[in-house]
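Each of the next two complexes has chain A plus one other chain: chain B in the first, chain C in the second.
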Partner chain A sequence: MWQKTKPYLLLLPAAATIILLFFGGIFDGLLKSFGYFPAIGETGFSVAAYDRLLSSSSFWESMALTLRVAALSSLLSAIIGAFIAVALFFLNDSIERTSPKPWHRLFQLPLTIPHLVAGYIMVLLFMQSGFLSRLLAAMGWIDEITDFPVLVNDPFGWGIIFAYAWKEAPFVTLMLYPVLSRIHGSWREVSRVFGAGHWQFIREIVVPVMMPAWAIATFIVFVFTFSAFEVPYLLGVTYPSVLPVYSYQLYTSGTLSDRPEALAVNVILAAITILLGLVAYYFSKRWNVLKGWG
Partner chain B sequence: MKKHPRLLSLFLFLGLFIFVIVPFIPLILSSLSFGWRWPDVFPQAWSLRAWEYVVNDGRTWQAVGISLWIALVVTSVNILLAVPAANALVRYRVRGRWLFEAIIFAPIIIPPFISVMGIHLSFLRFGLTETVLGVVLAHIAPTLPYLFRAVMISYQTLSVDWEDQARMLGAGAVPRFFHVVLPHLLPGILAGASLSVLISLSQYLITFIIGAGQVVTLPILLFPFISGGDPSVASAYSLLYAAIAIAALAGMDAALKRYYQTNRASQQEKGENA
Partner chain C sequence: MSDLRIIDIEKRYRTAEPKGGASSFMLRPVRLTIREGEFFSLLGPSGCGKTTLLKMVAGLLEADGGEVWVGDENLTDVPPESRKFAMVFQQSLLFPHKTIEDNVAFGLKMQKVGKKQRLKAAADMLEHVGLSGFGSRYPDELSGGQQQRVALARALVANPRVLLMDEPFSALDPGLREEMRELLSRIQKEFRVTVLFVTHDRDEAFALSDRIAVMGEGQLRQVGTARQLYERPETTAVAAFLGLKNILSGTVNNGRFTSSDKTLETAVNGELADGDYFLVIRPESIRAAEGDRPGQVSIKGTVQEMTYGRGMYSLKVKAGSQLLECAFTTFQAEKTAVGEPIELLVDMKEAWFVKE
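Here is the complex of A and B:
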């Protein structure tokens, strides 16, 4: 008896904590999004909040912005991350193995920087009177502050995209590098024997080897940027705002009647992220990318 | 073939350097500047005013203390929860394993603020808002999965045979855990703990919702400055915040290295005595 129940007893504290604190909160929000709100005397269920939400243009604009920002951020992170991974791969190849490799820690630095700080770094770099604008002015490319494009707190979301690209590209690299390091030096020599140059080697060997891990890493960045709050809250505009910020704006707008709508946004966000998460999990299992992820 | 390997390496290294390091330059310059006007690439006047403000303001160190305290408590609770759970999932036949994994890993995929907004009013009723305890409870879900995963990986490489051997030599359950299991898990626990601390340190929204501005962690203190406050002070605070996150990670790393060194030294001593 004890042997049979023991593992469940060992699992109980962790599972119960997550169920209570995490799923409890999601369930609580789900009920309130349907208007079930005993604290203010509402005990009926209705889909009014979803109705109002799905027929409002600001929700759909918010959805479009969120999709665009997440897609561009993950794409840019994927390209830069892959570039760093390949660069590290060749750097290791061309320098003797005994020498220390400081860049292995160096490229991970942006990962350790909190998101709000990364956001502020982008403000200082890319705002109209920012560092980049100053450099361009010093080189004589622009004459006025207003010659520099609005890239921070802009309606398109460039600032958000840059911040994510900087923070998440090293994550993509971190996922790719172990895969790349499985490519043996001998493969390179064989490719040389067959007359392949640098680019051919990258195109024919390096890219196919890292493709599955690359796709999964990009997808994970997409799911994360789709539902993250801090960076768009700092670098976005009030309208249109990405879905998490939109939800927060509704939640804190002051009237209790907007809260079911905010929680309905959350339910939709949760549903989308669960779906995306399942897709990522399915393909990573199939391609055997995430070793050790359960 | 290898015509310019050094040139290529230099070029690649330079690219990496620009991508990682150069973004910090305006942050550092801004924190040391005194009225940095466009289009000056470097400030005309330097000043330590912002740093003096940050270092001398009592709220700064209070926020650092509360942030680290919350991260520490959250991580300790996570360790207590994660070690038995990982043990059960790795070493026992568990029915519905996928369900337990799905439950514990869910907060990685579903953003935690969704749960926190939902639970907010219940926390209000129980008097948990505006308290450190409430913030700690809110930080557990987003951090626990990472610690759980790290401990799980450690358990996967720990053979049951080692414990059986200790049992045959007469070690009870408690000494077996502290002398056989824990030393093997420690690197995994520390790696997971670093992630847990880092994630706890970087939470803004859920701390803000539950803490309601009364639990002032570093990100809460920082936000008004970076969203339109004094740029020099905002830069100094940003650098301090980033430095504390990095220092927390480096500290964990150093602790692990020290543990291995003292461990090896004591084992060598034992070897010499025998």
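Here is the complex of A and C:
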């Protein structure tokens, strides 16, 4: 009996903490979003917060911005990440196998940097008074640093998109590279003998093989950028702001009675994320991601 | 005529650090002509350079010299994807994300053949290899033997000028291997495709080939039909590789051969200059003595070992310092036993002298 329960008991403190903080937090947020807020004397349930939120134009503007930023960031990361992965794959093929691979380390670098730092790097490099604009001005490419396009704290969200693309592309590469390395070295030989040139090999073998992992990696990037806070907080404008930032603004700047609305934003974010997760799961099942790999 | 001609093709080691004393050749210059529709095998132990030669013919490996021709077309500088060759490898190397019919149709797709046409060709070819109805499955749903049949179908469907095969059956179990040999032999005759086949299995090479090139230590040793090679090997190396173990060193003097350990002395058929020779005696040409016969020479020895295999007994007989291997019928073998003295007769018409 003791032997059987011991591992569970040992896990209990960690498990309890996680359950309490994670599910407790979600549950608390869910209750408050439905207006259950004993601290301000509200003990009834209502959908008033959702009602107000869904009828406010700033919510929908936030939603549009969030979707746009998430979609463009994941698309850019997916393209850049796949390009790096394929390039590394062919590079690996052509150089000696035993030599060390500084290339890989270089591309892994962004993975080690926190998002907050990545955001600051973007600020320092791409602001109108940033490194790049001053460099261009000094070289005479632009007359004044204000001629440099507004890439940070711009209403479209380019700063956020670039920061994410830079930060997440190596993640996509990291997800794709092991899949590519499963491509048998001899498949290149087989395809050549049967008449496939370089591009045909990529189109016929490399792309289809990496497609499922690619789609999943892109989806993960999308979900992450959809619900992440710090980079848009640092690089975005105050209005419109992405949903997580919008929620934060509502939560901190408003009164206590605005909090159900702020938490409703979070619940909606969580719901959309779960929904997207289910969609992705459904498609990965349908595609039979690992079909034929045995 | 579109014979495949290999003209002095060679491969050297990358000269970074030549291994102690070994020559710098991976493959010494090879000159071969393989006739259109011929089944030609490269036979040799592993590491003898046969796969290297095959890959150079395919264009997958760059030769350090020499040329490859098909008919009057020089293919030396043509990349592999434009040579219109096909290849079957040791593993089936099917693409796991493609169905069987898409795998088979791959070569045709690369040649821009329309979808309908190439899938029909694939289905036809699958029928030839006995896999009709398997088209929509994926490679991992097939057994190893079936996968190799698909690889064969994939190779043949594009009507290649030369079919290259690199030990295609060596990963299969013996029964399946025999079945695949028969299939390949039948299909090769049906399509009259030129085949260059690499193997280390002499039974396989003998069963399939019109002609065989025996290779060893990075060079071509002898080219001929299976029978020529087995009955008339040019060197002891070829004889030994083909499983001929009765190789007696000795000298020829005035038309008589004497083995070094004096167990055998006999007149030599035909003209042979005096000097050192090796006498190669096939196990089938030795019999137990039942009274003298002209043209045969007798050797006295002791039976050391008897093993039974596929209808015949294999005997090892100690004669002088030589251990002779003899193939006896059951009837002959039953008259003797391990440890008993025996008198052997060698049919000298069947024996063969080599210089080195």
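In the analysis below, the second predicted complex is superposed on the first by the 251 of 294 C-alpha atoms of A that agree within 3 Å, B and C clash if a C-alpha of one lies under 4 Å from a C-alpha of the other, contacts with A are read in each partner's own complex, and residues count from 1 in each chain.
Throughout what follows, contacts are C-beta pairs under 8 Å (C-beta built on N, C-alpha and C of every residue); 3 or more make two chains touch, one makes a residue touch a chain.
Note that this is a predicted model, so its numbers are computed, not measured.
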item	value
Touched partner set for A:Ser133, first chain B, second chain C, both or neither	first
Of chain B and chain C, the chain that contacts the larger number of chain A residues	B
Which superposed partner A:Leu91 touches (first chain B, second chain C, both, neither)	first
Which superposed partner A:Arg192 touches (first chain B, second chain C, both, neither)	both
Footprint overlap on chain A, where chain B in one structure and chain C in the other make contact	192, 197, 292-294
Chain A partner contacts - residues on chain C that touch it in the complex	55, 58-60, 79-87, 89, 91, 93, 95-98, 106-107, 109-111, 138-140, 154, 158, 164
Complex interface listing, chain B residues touching chain A	1-2, 5-6, 8-9, 12-13, 15-17, 19-21, 23-27, 29-30, 38-41, 80-82, 84-85, 87-89, 91-94, 100-101, 103-119, 121-122, 125, 137-138, 140-141, 144, 148-149, 152-153, 156, 198, 201-202, 204-205, 219, 222-223, 226-227, 231, 234-235, 238, 241-242, 245-246, 249
Contacting residues of chain A [partner chain C, same complex]	184, 186-187, 189-197, 200, 204-205, 208-209, 291-294
Chain A - residues contacting chain B, complex	6-8, 10-11, 13-15, 17-19, 21-30, 32, 39, 80, 83-84, 87-88, 90-91, 94-95, 103, 106-107, 109-110, 112-117, 119-125, 129-131, 133-135, 137-138, 145, 166, 169-170, 192, 197, 223, 227-230, 233-234, 244, 247-248, 251, 262-263, 266-267, 269-270, 273-274, 276-277, 292-294
